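Read the structure below first, then the notes.
All chains are identified by letter, namely A, B, C, D, E and F, in their written order; residue positions are counted from 1 within each chain.
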């Protein structure tokens, strides 16, 4: 699996913004771990980026990943 | 991606109300990170604002983001 | 947006029952923030109140909001 | 609304089993707060009790409510 | 309701593996609390075990229950 | 059930990356606990790996399992 390289070295980020970007990466990498074919992934991505229900579901995954990243960073307080 | 500017400077807000507004922004920005075309976003938004199931799913994303914001602010106690 | 008044002054409530009511209000206010047209909201509400799947999804949103309210109140211990 | 009586006096229960029952009650009371007509509720209940997807979604709501009840009771340790 | 016996005596388990099994039991018992007819349960179970979407939704419920069990056991540290 | 061997010995992992892989394993093992027939599992897996909605739902399960693993490891701080 091409996604299996060591991409997640730490949950610590300098800023909330970077934490947000990490959360999006985490969500995307899971999709890539289940469906590693780049052609199929591209197709699916085009499809769900135009589907309101699937966009909202994606936003839910990002919200969950961000909960973890934010806690790891003690909310950047 | 036009959404990639540094919009999330802090999770700290003065009031619960502002925390609520931040949670809504966070949910919206994720949608914008996945679908950055303003025309498509507008179309999808009009669609899901009239779909009960998608509205409820959106409210779930906001509830999750607010959990993070509220914890970051120690619940404004 | 008519929902934008300062309705969420605090997460602290006197009793679990009041916390429960606040959680329901929070869920409803998010819907109102996304769809502010009172006619459309009323229509959608009538629809999802008769749809088992959407009722269950609404209950999930309330459960998530209540997690936040309960933590804010240290579970009314 | 007939469900509006003060049914949630405390999140504290004597045993995990009682906590579980409270979580189920919490999920049901939310449904009742949104759809208070007893005839419609009965109909919907019969329907979702035979729908695998809706049963699983109901179990998710109970799992979320139980997270709150269990934390309130410090996991009955 | 035949499921109403006192099956949840404690959230404490000796190992993460046993915690996992408890989480699966918790999810199943909720289904049983809502639909107690053994014939209908068996039918629904056969159906959702062959439906990818419902299997994933079941896995989500187990993940949520396991969050509670794992916290109760202080993550078996 | 062939999945019932003792596969979850600990929630502690050396790195976030390994924690991520454990979260994916946890999600997969739950599916295997509900549907243990290897032929059916393979079929379903092929199906949901091509379905955007089900891929996103799978990513949600992984996000939830990872919340638990990350907390168990004190976020690898």
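By our rule, a residue touches a chain if its C-beta (ideal position, glycine included) is under 8 Å from a C-beta of that chain, and two chains touch if they have at least 3 such contacts.
Note that the structure is a prediction, hence the values are computed from the model and not measured.
The minimum number of touch steps linking chain D to chain F comes to 2.
Considering the contact criterion stated above, no chain is in touch with chain E and with chain F alike. Both chain D and chain E derive from one sequence, and where they touch, under half of the residue numbers involved are common to the two copies. Taking the CA centroid of chain D as reference, the farthest chain centroid is that of A. Computed from the mean C-alpha positions, the centre of chain B lies at a distance of 16 Å from the centre of chain C.
Here the spacing of chain C and chain E, counted between their Cα centres, is 27 Å.
Counting partner chains per residue, chain B has residues 48, 53, 57-58, 60, 64, 67, 71 touching two or more of them. Because contacts link each chain to exactly two others and close back on themselves, their graph is best described as a ring. On chain E, the positions that touch chain D within their shared complex are 6-12, 26-27, 29-31, 33-35, 40, 44-45, 47-48, 51, 53-54, 57-58, 60-61, 64-65, 67-68, 71-72. Remark: chain B residues 15-17, 20, 24, 48-50, 52-53, 55-60, 62-64, 66-67, 70-71, 75-77 touch chain C in the complex.
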